[in-house]
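In what comes next, chain A is part of two complexes: it sits with chain B in the first one and with chain C in the second one.
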Partner chain A sequence: MTRLWSTALVTTALASRNILRNPRRTLLTLTAVIVGVASTVALAALARGVAQQLVDDSIYNLTGHLKIQHPDSARDPAVEHTIDAREESVEALQQIPGVHAVLPRIVAPAVIRSERESFPITLFGVDPGLEGRNSVAGKAVSNGENLSDSDDSHLILGSKIVEKLETRIGRRVVVMTQDIENEIADRGFRIEGIFQAEVQSTELLFSFTGLETLRKMLRLKDDQLHEISILVEPEASLPEIQKQVQKLFPKAAVLTWQELQPLVVSMTKIQNGFLIIWFLIVIVSAGFGLVNSLLMSIFERVREIAVMHALGMTRVWIVIETVLQSFLLLVVGGLIGVLGGMAIVRQFSGGIDLSKFARGASIAGIGDRIVPQLIWSDVVLVVGLLIALGTLGSLYPAWLAAQVNPARSLQRL
Partner chain B sequence: MQTLSLAWRNIWRNRRRTLLTAGAVAFACTVLSFTISLQQSSYKTAIEASASIFQGHLQIQRIGYQDEPKLSLAFPFSSNLQSLLSLEPSVAAYSPRVNAFSLASSDERTFGVQIFGVDPLTEPLVSSIPGTIRAGRYLQAKDSSGAVIGKALSENLKVSLGDELTLLGQGADGSMAAGIVSIVGIFSSGSTEIDRTMIQIPLPTAQEIFSLPSEINALVVRSTNLTRSNEIANRIQQILPNNLRILTWDELNPGLKEAIELDMVSGWLFLFSLILIVAFGVLNTFLMSLLERIREFGLLMALGMKAWSLIFMVSLELLCLLLTGTLPGVVMGLAIITYFSIVGFSVPGAEELTQLWNLPAVLYPQLNPLFLLSGPTVVVVITFVLVVPFSLRLRRINPVEALTSV
Partner chain C sequence: MSRSIALESVSRLYHQADVLVKAVSDVSLTFEPGEFTTLFGPSGSGKTTLLNLIGGLDVPTSGQVRIGETVMNVLSPSERATFRLNHIGFIFQSYNLIPVLSARENVEFVMQLQGVHSAARRERAMEVLGRVGLAELSDRRPDQMSGGQQQRVAVARAIASEPDIILADEPTANLDSKTAADLLSLMQELNEVRKITFLFSTHDKQVMERARRLVRLRDGKVENDERRS
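Now for the complex of A and B:
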């Protein structure tokens, strides 16, 4: 046992010294590994940042983690598709453990009209106190004043639609929609505030007024709502809460954000697949360089390997020694690469400005600022794959080293 | 020539090393050729799809209409304009349109919709919507109060073939515009946005309802070649009256253009990091081969070889090494693209995503030498940039010292 131990120690010492014998070559090989790992870690963080922003934005843009709505309203957002939301059931929602916020809303597809232009919008009747920090509906306006309460009869519009309507704060606009009796309902609103959103289409389509104001305009009853959006605590189990909510609202559809935003889910999934393929491509490319430089070091040391062989080092230990060389290189290169990647991510921790591509980013559903997000499982996966595949690849030069014939090699110059 | 054969022999002095290095280059070039071709083809498909559904390759509009599409920004569709366009060989077809926002009411529902007045005869030449009628038929020349409507909109309005819709909006002169049309066809264009908001009616009917006698808002043009649309637009612009402008697809759909640019920038970030990794691998091999031959270089110089010829020779070696890798890489990339251009490329689970870009679920990548070669070219250039400072140091070789070095 002690013999095995001492052999292992000697082999490790040999491997590390062999790495340092040609510092220039080692440095170049390391550089390739470091560039590979650092760029992969940084790019993965960037991709994760985009995905996270996509998810956060869609939740913040009125989806919430869970939404209670009429089973048909996803297909046909008509005014009569309401849910039966009695006060006691709404209050019971708040009692469910893990529920952070309960946001009741009335929603009407409408047409907005200024003196000059008219556009289609979606008008949300909200409770500004509840929406607060939980959604874009409660976001502080960039201009003018926020809604004060559910009875507030003013209008909050996105800055983009205000521009298109050629109107401004304090002016009146007419909103036309259909009430519960299918009669045209229109009324004048004063524009009280203007909000700005991450995604341009939000500024164009969403507008807000008080919940009770819109209820009156649509002639809905007191217990009628179009949707209740629910936000949960980060550590809570969404499916568990979904089940409890469904019990309280047996006739309504209770949907998670994944069900409401399949596009976001499929984008995230595709990105996952893409990232793993990318990790492999980078590692294989870096692996070629590694195997090559190992091969060089073997060829230079053919005589030396022959001597060690002649002195009694077995083939197994020669293989181990060679593989150990690449393993040490990979660990060191991987670690420095991860540090480098982290440094790059930190450099951009303030976010990357995409405003030059704002309209394009809006199509893809992302805002014009992306904050990279380092995810440790990505880092572990990159470094793990690198070390595993790199070590596997170095078996080839190791095998060549083991083939060295001491008698013949020692005779050669 | 002699130097070339010398360089070629030199790189094969260590076969295994050259093969491994070339292997890395070949692998990266395969990835690059394939990825770039796929990416560029998908852009082209997205542009073509978004242009041919409804927008058209080019549009002639009044100046300012694109930024502020007001009904009143219209121009006469004169026979003069028509004959000018007919003379331009790159114009495949053109069709006039009027576009107004209006309320559409059925018996039960009311929605805000986009009304397009179109010419039933020429519209099918510039837009794919007439070909996507799912029920009924497309508009005909004799229709006066017929309308075709997007499928999602028809469901939301709860109407079917033969039902009447009341249109209520504002005329070009600010007056109240009202009309009744009956549904003759329901289309499903594949674009959710269009299917949920669009109604098409005959051009004269639209001009009457919205008080725009014999004027139009846009003349949609299909050119014979979408990629050359800038050039075609420049030519047409010169024959247009002063108050009119011709817009290309990217001006009509700046969002798509920016999305493509954004995707290209992020795509190149990934590809560039791959190129750097491979370039470092090549640099490594190349430096090894220089360092182990210092004695040899000293000998060559002692025999009268100039430092610059030496640098030229090792540069040729590098080029040979790179070409040994890039050529098989490009061939492999070509093979993979050819394969997918026949069977089609699709990512499982990406249906929603492709629909967002108006892309078909199965993409057929294009074989284009530019797409195929741009990645490998960058590999060669970057590697040379990395290597040049090292090979320039060969100038400093002193034959006497070099010959005595180990």
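Now for the complex of A and C:
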């Protein structure tokens, strides 16, 4: 057995036993670490849940993972900005590995008018069979009936716009827009169903009718569409799929949800930044507690440290012994904290009901139920930062321990 | 290998508030390998300071401390610690056992730092604990032992690794006369058989009676240096 290994063993034994020497202080320090880690893990999961919901809502609210549209549509969503979507091209999309759903749509900015009110809306012509569970357009209505097929000439409205229009199911409303020839196109629709969305603005702005009904109203040709929304699985395959889709639609813009929803991307980036700041605040706070505890321990052990030094333990090993105490506390506290955080997340795995604050949450683009999402990279980051910064912080008390003058300390006490 | 100890014009000055204290003043002494020496004198005469300087726990303000060929005061604190580990044993007045280690582990501590194999270490620790009459209490921690028992463990710790020199600061101060006599006999035996150099700082007549050399200190200076046959 080498001297190094033997010294490491006795140093580890000293560190672990010194941790247990003052159980009350160790418990208090551990509690600070555990609470800090558990709350950070739980809050990180909550923040990730909010972020994921923002992204999911953004994709679910008709954006999709990828969208094929006219290159000028983003700047000017005019009716004439269509894409050439021949049947074989649409079918080819479905053959691309990783493509989960292909959702062709016709979109028209319009005005909806009831007997009492009129409001601007975006009217989507959709194929309800394809939309299914893939978007808000296929979501089961909360009241009335869903669209039956692409030729369905009824209208599905959000509950908020119905409330504003002071109308109801079965009543007729008039939708006015502009056709491909720049002529006014209007027609009456009977309200067949009312949907509810996570975010109120969706209920206000989006209305749906059959794809072919809107095609006729806008006088579009059979191969003309305004957009094709694509869902992919898994999302990691998105860049490759984007390239293949672009080959099939060389003249169209093929945009990812990140390009279409820069605000959502910015919000998640800002949230990531805040999360890191939060991690640091909690970890530094717990670290101060730990350093304080170690300092107390060292002041109590001055004589003992002096004896160890007198008997031949070098300063390096005295530093290692002190740092090891901190490291062991951090590892144990960190692991229990992670388990605590996981338990909290598990407790709310069904989602946290924000319905009481739904209006405020809705303004922020968040639905009324948040499902926390535990991301292992966050857990690793929290525990890694905790151990790294805590160990670094313990270098100060360790340095103090190494400076103990054996002659003076043994005489003084 | 036994080593001689040479103090050459050694002084150690302290600043206490604004007062300059001469703890040791221009002391020159030589201790040959295998000596059994007692440093004695009134409190504040510099006995402990002199032991600290010899043990490398402190460095002289001026002069030189040499052990064998090694000049202690030019070594770094870590080099001095390593030198102590390999060549010097300490016995302190107030035992100074490591509270989180058992009696056996305290005795093994120095050997463990030296890298002695665990089986050999354990065997040696039990052997020396047996010699101080504490084999039965080897698993007890210091707070579960009396003062006398702790001091016996401290002696066992100092002798277990068989250093060249053992520095003992008031080793019998807290012991009853019977325990003190037993421990002194053990140390005397080690001195005679193993040729370990013993340097005591003490007021205890028992220790002085057994010493073959008596160095009397006063105000940090050597007042008398008497050798006995």
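Here is the rule we use: the second predicted complex is superposed on the first by the 409 of 413 C-alpha atoms of A that agree within 3 Å, B and C clash if a C-alpha of one lies under 4 Å from a C-alpha of the other, contacts with A are read in each partner's own complex, and residues count from 1 in each chain.
What we mean here is this: contacts are C-beta pairs under 8 Å (C-beta built on N, C-alpha and C of every residue); 3 or more make two chains touch, one makes a residue touch a chain.
Just so it is clear, the model here is predicted, and its values are computed rather than measured.
Once the two complexes are overlaid on the shared chain, A:Gly312 sits against chain C while remaining clear of chain B. Touch criterion met: A:Gln411 reaches chain C, while chain B stays clear of it. When the two complexes are overlaid on their common chain A, residue A:Asn18 makes contact with chain C while staying clear of chain B.
Once the two complexes are overlaid on the shared chain, A:Ala45 sits clear of chain B and of chain C alike.
For chain A, the partner that touches more of its residues is B, with chain B and chain C as the two candidates. Judged by the touch definition given at the top, the superposed model places A:Arg3 against chain C, while chain B stays out of reach. Looking at the shared chain after the overlay, A:Ala253 reaches neither chain B nor chain C.
Shared-chain residue A:Val173: touches no atom of chain B or chain C. Considering their complex, residues 14, 16-17, 20-21, 23-24, 27-28, 31, 70, 101, 103, 105, 108-113, 155-156, 169-170, 197, 254-263, 265-266, 269-270, 273-274, 276-278, 280-281, 283-285, 287-288, 291, 347, 349-353, 356 of chain B touch chain A.
For chain A in complex with chain C, the residues that touch the partner chain are 1-7, 9-10, 13-14, 17-18, 21, 303-304, 307-316, 405-407, 410-411, 413. On the chain A side of its complex with chain B, the touching residues are 24-25, 28-29, 31-32, 35-36, 39-40, 43, 46, 75-78, 109-111, 117-120, 176-178, 182, 184, 262-263, 266-267, 269-270, 273, 278, 281-282, 284-286, 288-289, 291-293, 295-296, 299, 354, 356-364.
Residues 48-49, 52, 55, 57-58, 77-78, 81-82, 84-86, 90, 92, 94, 96, 98-101, 105, 109-110, 112-118, 157 of chain C are the ones that touch chain A when the two sit in their complex.
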